[in-house]
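Before anything else, here's the structure in question.
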Amino acid sequence: MSKIRLGILGGGGDSLIGVLHRVASNMYDRYEIVGGVFNPDYNQNIEFAKQIGVNTNRVYQDFESLIDEEIKKPLEERIEVVSVLTPNFLHFPMAKKLLENGFNVICEKPLTTSYEEAIELETLQKKNNTIFAVTYTYTGYPMVRHMKHMISEGELGEIHKVDIQYYQGWINPVIHDPELRKTVWRLDPKKAGISSCIGDIGTHAFQMAEYLTGKEVKSILSDLNTLYKDNTLDLDGTVLVRFKDNLKGVIRASQIATGEENNLSVAIYGGKGAYKWEQENPNFLYHLKDDEAMRVIKPGNTYVSEVAADGTKLPGGHPEGIFDAMGNIYKGVAKALRKETSFKGEFPTMRDGVRGMLFIEKVVESNQKGNIWLSMESK
Amino acid sequence: MSKIRLGILGGGGDSLIGVLHRVASNMYDRYEIVGGVFNPDYNQNIEFAKQIGVNTNRVYQDFESLIDEEIKKPLEERIEVVSVLTPNFLHFPMAKKLLENGFNVICEKPLTTSYEEAIELETLQKKNNTIFAVTYTYTGYPMVRHMKHMISEGELGEIHKVDIQYYQGWINPVIHDPELRKTVWRLDPKKAGISSCIGDIGTHAFQMAEYLTGKEVKSILSDLNTLYKDNTLDLDGTVLVRFKDNLKGVIRASQIATGEENNLSVAIYGGKGAYKWEQENPNFLYHLKDDEAMRVIKPGNTYVSEVAADGTKLPGGHPEGIFDAMGNIYKGVAKALRKETSFKGEFPTMRDGVRGMLFIEKVVESNQKGNIWLSMESK
Amino acid sequence: MSKIRLGILGGGGDSLIGVLHRVASNMYDRYEIVGGVFNPDYNQNIEFAKQIGVNTNRVYQDFESLIDEEIKKPLEERIEVVSVLTPNFLHFPMAKKLLENGFNVICEKPLTTSYEEAIELETLQKKNNTIFAVTYTYTGYPMVRHMKHMISEGELGEIHKVDIQYYQGWINPVIHDPELRKTVWRLDPKKAGISSCIGDIGTHAFQMAEYLTGKEVKSILSDLNTLYKDNTLDLDGTVLVRFKDNLKGVIRASQIATGEENNLSVAIYGGKGAYKWEQENPNFLYHLKDDEAMRVIKPGNTYVSEVAADGTKLPGGHPEGIFDAMGNIYKGVAKALRKETSFKGEFPTMRDGVRGMLFIEKVVESNQKGNIWLSMESK
Amino acid sequence: MSKIRLGILGGGGDSLIGVLHRVASNMYDRYEIVGGVFNPDYNQNIEFAKQIGVNTNRVYQDFESLIDEEIKKPLEERIEVVSVLTPNFLHFPMAKKLLENGFNVICEKPLTTSYEEAIELETLQKKNNTIFAVTYTYTGYPMVRHMKHMISEGELGEIHKVDIQYYQGWINPVIHDPELRKTVWRLDPKKAGISSCIGDIGTHAFQMAEYLTGKEVKSILSDLNTLYKDNTLDLDGTVLVRFKDNLKGVIRASQIATGEENNLSVAIYGGKGAYKWEQENPNFLYHLKDDEAMRVIKPGNTYVSEVAADGTKLPGGHPEGIFDAMGNIYKGVAKALRKETSFKGEFPTMRDGVRGMLFIEKVVESNQKGNIWLSMESK
């Protein structure tokens, strides 16, 4: 099967979100990055393309050129889908022109900077019937998918309570310093829009609530905290939410939850059971029932649903992060090959392999000889 | 900087180890897969190369051809490093010829099928001074590297006790069935060599012991269990180990630890402190001290060592598995683009983005108006 | 020092709350139960007194008699403090008469059935200057006291966010059965008062919020859920709370959180740090800070505050529940002494002691002889 | 039913073990402490008896007098069972004389100071057919009893692997100080006998192994560590154990596991499932099975076995330690009654009760009025 031709807007240089999308697109051998505009500066753009191995012929000056040029190419060569990884205010103009020209889009969240813009994009998308994904990344965890699937299958019965928390503490050292808090873009309404905490992480919690239950929130009541008079954007808030049918919920989000790193936690309670899940421990899903012992669901096991299995690449007990562990070993080898400074132990060496073989042989021998001590001195 | 030219032996088709190495090699944009022998069958080999986007000109019939042809190319084009992902018994002949011809090698563990072979490889490598990595993957976790680094810096003081466990339960349903246990290659000495449990996972535990302490085990005493008389290979074992200077340790490994998935757990106790770590929860490292509260070390924080930071791509609280979460979203989009059957909710849609924007606006409005209920009905 | 003369109202028969108060009063050898009214039925009352070893001379017909008779005794013989363990509606009349007569009181929560009654008691107590405790039991945990103390010492800096959850699921199987839900006293406004969930457990969460912060809640906004139209009392609710100075909080309580047992969880975030604690794991207190590893505080260690140390009887690592473990062994012996049916293994026997001694001797011998196998056959 | 007449040898003054046994004996209202020898010094002995409310008529000079005098009393008055809480070397002479005179005994562990003594006691006990308990306290936890029961019922199938760890770190700061280590009685063979670590805690691990499996260890092989040449007693050790039928196990014990408090951890693997349990988290029992999600068993639930239920006094979610929490509140009240210095917040006051009632009323009112803010100012 041919690979999907992917274009990328943004994500150049040291951008973490760029790394994340590139690795992700590569993970199942389904995409090929064929072009993009990685950087507003054209030279840096070209430089970066070389660095990540993208043909510079399809690296463009700006997103308008990318669209204008790609549209001229025959369908079977043209970029099929474009990932939009630029600062938030650019999502709208980029996505709009892409949709107008029939491109499929993978767009970072938040979709736009206002609801009006978002609706405009949706109208366009419906008209052109393109594929449009917004990367609420947390919905990609196998255990989140398992929850959604099982809830839709009725495993929890009727849902009666939805409780989602998204607590971070990163703004704490900033907000309490009267000078420092004036300098952070997140707290500047001109750059961050009408909200800091809810706009950045509250939306993740909200999307998770609707995603998992498959139901729409009908109304909300909120209470936000800005902490200081010279700060206008929310840093913390609680939102009461109501779905239909006496289903209530609560969303709590904070950037001043001191010491919290990225604590997105989910609890969904239904008449027949409940699920609890924490993003910082994403391979553990807790299934609660009346009068039964809590079960700890983990990916890679035969008992998980097909939708979760499809998102898991390794057997049970291998956390997804093992890919990163192997990635670090490859990085260590790369440094050695390029004679860069490397840390001691960045990759296991021949010696580790040799010692391992000696270990196996001696262990078997000790056992055979009646459990005696044997030397492990190697040649 | 130019990418490193990587060749791969094995890992074709549905091979999990193949996926793992390809994703890992891609993770920091440092490698390009330029050739290989992915499959013993040449047609499947070519087919697979196309599938993963490798130029078929450098896909060879067998590893001998790969070496013979690549060696003819000028150094600046030649494959620089070869990953060996084939069945264990092929590691030795492949690595040997690669080393004889000056190639750098990344080899899956176990290095060979005997200590003699391993020593032969090491002699060759020392002579040719090539880079040779054995992929004991677990050493790549940021928290494992942090442990190693801090131990070498003396943070734990003199080490007095090393306790490593590697428990799995996968062989349990096999071993208790008299017919089934005759059919598993892992239990066939002709295919698996002299050991099952120690050879497969005990070596990981052993390597971790030497890796973390920076010390060599001087002698061992083992006690193994084969459970049934018609089974000759070990399924479970305890190995007493002695390093120098009254430093003792114990390695426990099992394939009959029913219900355990991949429970590699490490505890290193020294005069000034201790570290504990579990592979299934790889982002949490426990640092114990006399008369002080235990600390929970996590990657992505300013307080971790440089060597750990170098192996972490995202801020604190984002488990490494988040790459996989994003990978799953990309996979979902790929299915949609190729009109394959997909699960409900495989990627967040435009609607999620629209609802998110509405949520932010309504939350801010409710708060401004004195915490009143507002409708979330969207256009 | 003489023991405190304690009287008890209620708590007879199989009452769990009775067991709890008796064991608690005994724990530090400070109280002696000298009288009471354990049961409304006088004969059962007397019977129960005998059973728990209380002199029947001071077992009374009703609480009025207890007060009238005890008041006649000289001060150095008189009951000093009375524990009120009766159904909620009796707390008020009992406490009132006790206060009017100068008795000190330990009263189960809720204090009364209305705020008006509570204020009346408080007025009386202030006038007579007696000691009056309301047993919000969770404030007695050493780690809760440590939190309170350290917060008052300023360890967390200015508090900015208070988040308390009290989730239970016990009413779930009841509430969804249209017949069953009519029969539970908890859901009958005549018996349970104006609230089910908030009245029973929400108050614990609220008290904890004020207890830990040392601050009063200034205003609240609530949203409750009764789930069914024929049910009038709340089963679940969220309460927004405001303290002074931009300190906001949220209290969440539920009886329909399916599968939750008694999940009281606390999070207090301040400018310099945070505390998190869960009642079902009461020996573990989590201390978070910006840019430092989370610390896990446990009782019995030298680093905990004096107030926590004072509430801990054993060295670190011995959970408070170990008293119950020992209590169960004593119970097993009692059954054996009284020739009651007992479970296998209800107490360790002589044989366990003998085997233990053999184990020690053989272990030392094996080590001395160079780590050889020795038989554990005992005489 | 009459209470059992209990005598106690030792446990006076500040003895922790004394507190533990007294509270435990009181927990189910089955025992009455009627006499004893709490202290070698007679005056202190009498003083202590008064303090804990024991009639001084039956407080004796020494254990011989206790036995000689009690034996003269009629059976229905005589002490029925004696708890031996004295230093280890006194266990033997005391238990011996008690057994010779037909007393039942509850004896602290270790039973004696040698296997020979232990066997002598057992012979006596068999002859006189008395009840004799050795307080291996950890067997009293409800979840330990559940394990034992379910294993004996065959829930785990045939047991194949037993792994018990008992790690402490308390001796770490002592052992590394050349002067200090000479002063600790635990390391003096004259006082501590032939073993430190194995004798003190390894025996607990061993007893747990035989207790849970219901099988006897047939042979052992040990490896101990004394760390320093001038120290002769073991501080750390690993013991390989063999039961019958290819059932092997490993016991690990340490006093130099820096930072560990009292980490007794159990893992029992069988053909059909496994149990894991940790003493520092005694209310959580982990049940593992092939291809099923791990279950977390907790006391107080309907699904636990009768033997566990019998050892649990409160509903699910109330950790056993809640008795201690209530005990601390009673202690706080006692201090107030005796005008001793107390900590702020040692017991919840009338004010807490009043505020609680206000909270309930305001919460219900806010909800009824459409979720509006209400003041919490109290009278």
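The first chain written gets the first letter, and so on, giving A, B, C and D; residue counts start at 1 in each chain.
The definition used in the following text is that contacts are C-beta pairs under 8 Å (C-beta built on N, C-alpha and C of every residue); 3 or more make two chains touch, one makes a residue touch a chain.
Predicted model only: the values in this text are computed from it and were never measured.
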{"item": "Intersection of the contact lists for chain B and chain C", "value": "A, D"}
{"item": "Same-site or different-site touching of chain A by its copy chain D, using the half cut", "value": "same"}
{"item": "Chain C-chain D separation of Cα centroids, rounded to whole Å", "value": "21"}
{"item": "Distance from the mean Cα position of chain D to that of chain A, given in whole angstrom", "value": "47"}
{"item": "Gap in Å, rounded to a whole number, between the CA centres of chain D and chain B", "value": "42"}
{"item": "Junction residues of chain A - those touching two or more other chains", "value": "221, 223, 240, 260, 291-292, 294, 298, 301, 371, 373"}
{"item": "Of all residues in chain A, those that touch chain D in their complex", "value": "221, 240, 287, 291-298, 301-303, 371"}
{"item": "Contacting residues of chain C [partner chain A, same complex]", "value": "156, 160-161, 163, 167, 169, 172-173, 176, 221, 223, 225-228, 236, 238, 240, 246, 248, 250, 252, 254, 256-260, 267, 269-274, 288-292, 294, 370-371, 373"}
